[in-house]
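Per-chain residue numbering starts at 1, and chain names A, B, C, D, E and F are given in the order in which the chains are listed.
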Amino acid sequence: MGLLDDKGPVLVLAPHPDDEVLGVGGTMARLAEAGAEVHVAIVTTGRAPRFSPEQAQGVRAEAEAAHRALGVAQTHFLDCPAAELGEMAHADLNAAIGGLVRAVDPVTVFAPHPGDIHLDHQLCFLSALVAARPHQHHYPRRVLAYETLSETNWNAPYLTPAFLPNLFVDISATLDRKLDAFALFASQQREPPHERSVAALRALATLRGATVHRAAAEAFVAIRLVE
Amino acid sequence: MGLLDDKGPVLVLAPHPDDEVLGVGGTMARLAEAGAEVHVAIVTTGRAPRFSPEQAQGVRAEAEAAHRALGVAQTHFLDCPAAELGEMAHADLNAAIGGLVRAVDPVTVFAPHPGDIHLDHQLCFLSALVAARPHQHHYPRRVLAYETLSETNWNAPYLTPAFLPNLFVDISATLDRKLDAFALFASQQREPPHERSVAALRALATLRGATVHRAAAEAFVAIRLVE
Amino acid sequence: MGLLDDKGPVLVLAPHPDDEVLGVGGTMARLAEAGAEVHVAIVTTGRAPRFSPEQAQGVRAEAEAAHRALGVAQTHFLDCPAAELGEMAHADLNAAIGGLVRAVDPVTVFAPHPGDIHLDHQLCFLSALVAARPHQHHYPRRVLAYETLSETNWNAPYLTPAFLPNLFVDISATLDRKLDAFALFASQQREPPHERSVAALRALATLRGATVHRAAAEAFVAIRLVE
Amino acid sequence: MGLLDDKGPVLVLAPHPDDEVLGVGGTMARLAEAGAEVHVAIVTTGRAPRFSPEQAQGVRAEAEAAHRALGVAQTHFLDCPAAELGEMAHADLNAAIGGLVRAVDPVTVFAPHPGDIHLDHQLCFLSALVAARPHQHHYPRRVLAYETLSETNWNAPYLTPAFLPNLFVDISATLDRKLDAFALFASQQREPPHERSVAALRALATLRGATVHRAAAEAFVAIRLVE
Amino acid sequence: MGLLDDKGPVLVLAPHPDDEVLGVGGTMARLAEAGAEVHVAIVTTGRAPRFSPEQAQGVRAEAEAAHRALGVAQTHFLDCPAAELGEMAHADLNAAIGGLVRAVDPVTVFAPHPGDIHLDHQLCFLSALVAARPHQHHYPRRVLAYETLSETNWNAPYLTPAFLPNLFVDISATLDRKLDAFALFASQQREPPHERSVAALRALATLRGATVHRAAAEAFVAIRLVE
Amino acid sequence: MGLLDDKGPVLVLAPHPDDEVLGVGGTMARLAEAGAEVHVAIVTTGRAPRFSPEQAQGVRAEAEAAHRALGVAQTHFLDCPAAELGEMAHADLNAAIGGLVRAVDPVTVFAPHPGDIHLDHQLCFLSALVAARPHQHHYPRRVLAYETLSETNWNAPYLTPAFLPNLFVDISATLDRKLDAFALFASQQREPPHERSVAALRALATLRGATVHRAAAEAFVAIRLVE
């Protein structure tokens, strides 16, 4: 079954709030419209002294509003320490993400790209892959990596894993909802020409779309698809 | 729509007869059973002095028998010179394959792997990609590369494009038909432990299957999927 | 000396007219403004039966107009057969490009990307590299590969050379001139969402710019820089 | 001297018990038969609460039985914490593996593949490489990476280091002993079609063998060979 | 502006004392001569029990003498624990290096290669990249990775990031000063044929030079250059 | 059996005379001393108008003298057109090299690196690999790629196949003979700092040696080793 007509649950893993919208916002909206139950897991929460409780609470509220706008069925806050996943025991991160995968039982998992510059992204990807291992008959039949503006393009070309998309989703009909959802993240968006601006996000959608002759698209790397 | 429930035409490009069965045999059988119109294009024909007319005719008959066994709807013989695609004008090969893609109008194209050791395979892949370019609204929405025993594993590791599959098709139900179809290629199959033996083909299917917890699978590299 | 304050001649190699504007248009305008002598070599000319003489003449006139708009000092037409570079003797293409490099004596060479889907691009890149070999004290001190919409993104991800830029040129001040110059190629540009549209070109410039916090940029792969 | 006629000690590093048999079982049997002193180092031990003492003791007994069956001269238990190597100080893991390399003084080191999905495998590989550095006249003259079913094929294609073998060992004569040894790991083996089943292991040996026209083989990536 | 005529500050990050001289010694001397303010950051300090205070103090004195000989303007000792960067919180390393980058405000950053065998090198590279992110208008316009004898060539070919230089600096005029500066590191240099010997360092300079037809050169990988 | 104690014939494929000495000279001398029958195949001959008959004859005489000095048993001149292998039918080049491989029946084949900048080198490599396919029980058990100064380092980093050696041969005892043999190629060697100078060749040997703690070494990429 195709990504968009498979009616099973979908899980989007976001190391930090807004990653899921930057990378998968338009696709989540299409999936929700098509009747899929879309889950988002925000893996980390900002903590003192790096972040105040108010900041953490604020961005959580922004995420919830953005998810509502996109039709997300449920948001899970795994509450791991932001910018400190490397200090958390790897097995514990595996357990947190693995437990959620078992609970949600998704047919499709969207994970951040292992070549992103943020160590949190790299570690989430590895734990997602561990959680989705095909070690029994039933497991997520699609694992896809998404790109994140202000993370994916800032790592070292040719020396870190490259994001070269091979799966495109037409988001011509949902781009506006994606941009609106991102606009709800007042604390995270930046003015152009910052990569995390509405203008850059729109340019990316236009370019990814043009590559497959669509008005707008989101692009992914297929990690494992099973038919 | 998924590879297997999309009812549109499918095109399998085989540089030489039997490549299509080695790489896509079980999937073709599943597709045909699911109601898809499966087309095979045999790109080259053996010619004197390398091959006698009898040899060329013999392997063509074998291909037709094998295709019948797998439910292939139509076999196209493009009749380019075998082992000599490098001597043919590249634009002519593009035209031959491009014309067929326009005529069949497939939703899925299976092409040989560009990292195969045979130059004919490398050139067919490039022409397939040119033919499938998304330069207008309508084009094949799936392009996949398949592996070929006795070609893919004999190239230079790390120095030529690697075959690292990311899309698996369960062929537990059609493996026997695949092996039977391959057995019809009396002129092409070899005794074990040759890579082009039934034993090696079965081992490959078992291994690719085990990677995704299935009794047998065929594995592909996703070049471009559009949803 | 930096790319933009080096006053020596610059050579941009374009397999087909418009590649040079798609990939290097904004940078050429900046270089010309900064006082550099910018040369463009159009390597191929369309020929019958693929192209009529009128078509070939028409696109040549478009190129000349576009180059004037960008401040190009001289356009060289090498007149090799379009879409047929693979049929031309490799040593002859080396000789044609090598002769021009000796005549222009550039400090910087811009070549098409070897991972582009068009064989002409791949062959031009190789010949450019041969022409720029550091086999004596004097040679082009900068060799850069540029990206071409409708070529670079349509090849096979992970299986052909990746375009992962590591050198960015701010074209905020010249983007409009680039887009105007491209608009002069009436025969080559397409309507959105085609990759070879003004909209896609603008999106690419915005995205490449955002990656380095500029309003617009062109991006390149550094092949060899010598200081 | 060749891998198999070099009579010096051999060291196989296994992050967890059974890795060494899955990847090197047939080769260890050939080496032992040829007169080499084969050492295995089991790097980790399962600990509470993840593993009970009984489990840890049980798998250790299985390993010892399997090693006897293969002619292993000595098994070393380094007793690092399983699934927690990332929490151990990297220098301590280097010291543990480095000390053993100095004590055993092997001519050949087999290490797990750095592209395996398990972080323990990745870290063992790096420490093995550190221990084998050629920083003085005498050091292990061969370092090879082996593949592990249920680890190597479950990582992310194209985004993590690829296992593309370039050194093959004919194990036609020892495959049965390898499979028997693996069968002694009652706690680790799984039913087909799990990757860690006897059927998958046999298919892998058949396929790796067919690639080099042998009835069965084990395949490795040569990291450094010095003659 | 070019690397060598840009008069802004330069920052060389060395995980351990002597890395900066091995990789960037001749270029630092050229930069200092050309009037640039060259800063070196020694990221780690050896600590008990691995290193005695006398050792740590001794190598620090060697570094200071070598830096004087090369015209370094200022040496910064970040005092992180040597061989233990993996045990330090990643965010703390980011903060230490990020703080220095903000204080020095370099136009060019030289970082160790992420493919070096030493984990400290890999982590310093990542933190350097984080510190140099183009998330605002002003940031280091050049980020380059350098090679380190006894680190870069001892990692795993094809399985870890490759050092394939694309930016060369002619050090014909400063090679002797580089070798003299390295000779001041009595505690770090080794007799030939060790990689960390004067003979090996001279051979590397000769070879890197020959690649670009110069008597001696240092070679780098361009990570990001912005013009 | 190891490379150096295997007494079977060895075949070194050189696209042009002197490649074999640049890449394999010291190893050939060691092999000959150890009793192996060393064959060299010079694949191409320079032809008018690019080369005069005198030039072609001259370099042939140089090659024969150099080979005598290294203990080469037999030199084969395949007489294909230099700098024009791309114009020769690929199947004919396969036949020429394949025929020689059958006649010499080598245990080890040394082929030029597929990432060399010269198309002749790339094509020779592919044909060597085709000739050495393991499609029957008996075939060359070792296939190695060698590096060639003035070819290997002048291709495009990260965009063409990388030469990252994993097999080193100690040539401390034969380096002088290698350099003397290369000095016999009066028509091919260049003054320093050209890459094809004695000084660069010595620096390469010193560096490759230092990597494995030897006074001098030649380095190779293992393509396929079968034990």
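Keep this in mind: contacts are C-beta pairs under 8 Å (C-beta built on N, C-alpha and C of every residue); 3 or more make two chains touch, one makes a residue touch a chain.
Note that this is a predicted model, so its numbers are computed, not measured.
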item: A-C or A-D, whichever has more C-beta pairs in contact; value: A-C
item: Same-site or different-site touching of subunit D by its copy subunit E, using the half cut; value: different
item: Distance-maximising chain from subunit A - centres being C-alpha averages; value: F
item: Which listed pair, B-D, A-E or A-B, duplicates the contacts of D-F in over half of its pairs; value: A-B
item: Centre-to-centre distance between subunit C and subunit B (centres being mean Cα positions), rounded to whole Å; value: 36
item: Averaged-CA centre spacing for the pair subunit F and subunit A, given as whole angstrom; value: 50
item: Where subunit F touches two or more other chains at once, by residue number; value: 134-136, 154, 157-158, 162, 164, 166, 194-195, 211, 213-214, 221, 223-224
item: Subunit E to subunit C touching residues, read off their complex; value: 1-6, 134-137, 139, 166-170, 211-214, 222-227
item: Interface residues, subunit C side, partner subunit B - complex; value: 50, 83-84, 86-87, 117, 119, 150, 154-160, 190, 194-195
item: Touching residues on subunit C, where the partner in the complex is subunit A; value: 149, 153-154, 157-158, 162, 164-166, 192-195, 197, 199-200, 202-204, 206-207, 209-211, 213-215, 221
item: In the complex, subunit B residues that touch subunit C; value: 89-91, 113-115, 125-126, 129-130, 133-136, 145, 161-162, 164, 221, 223-224
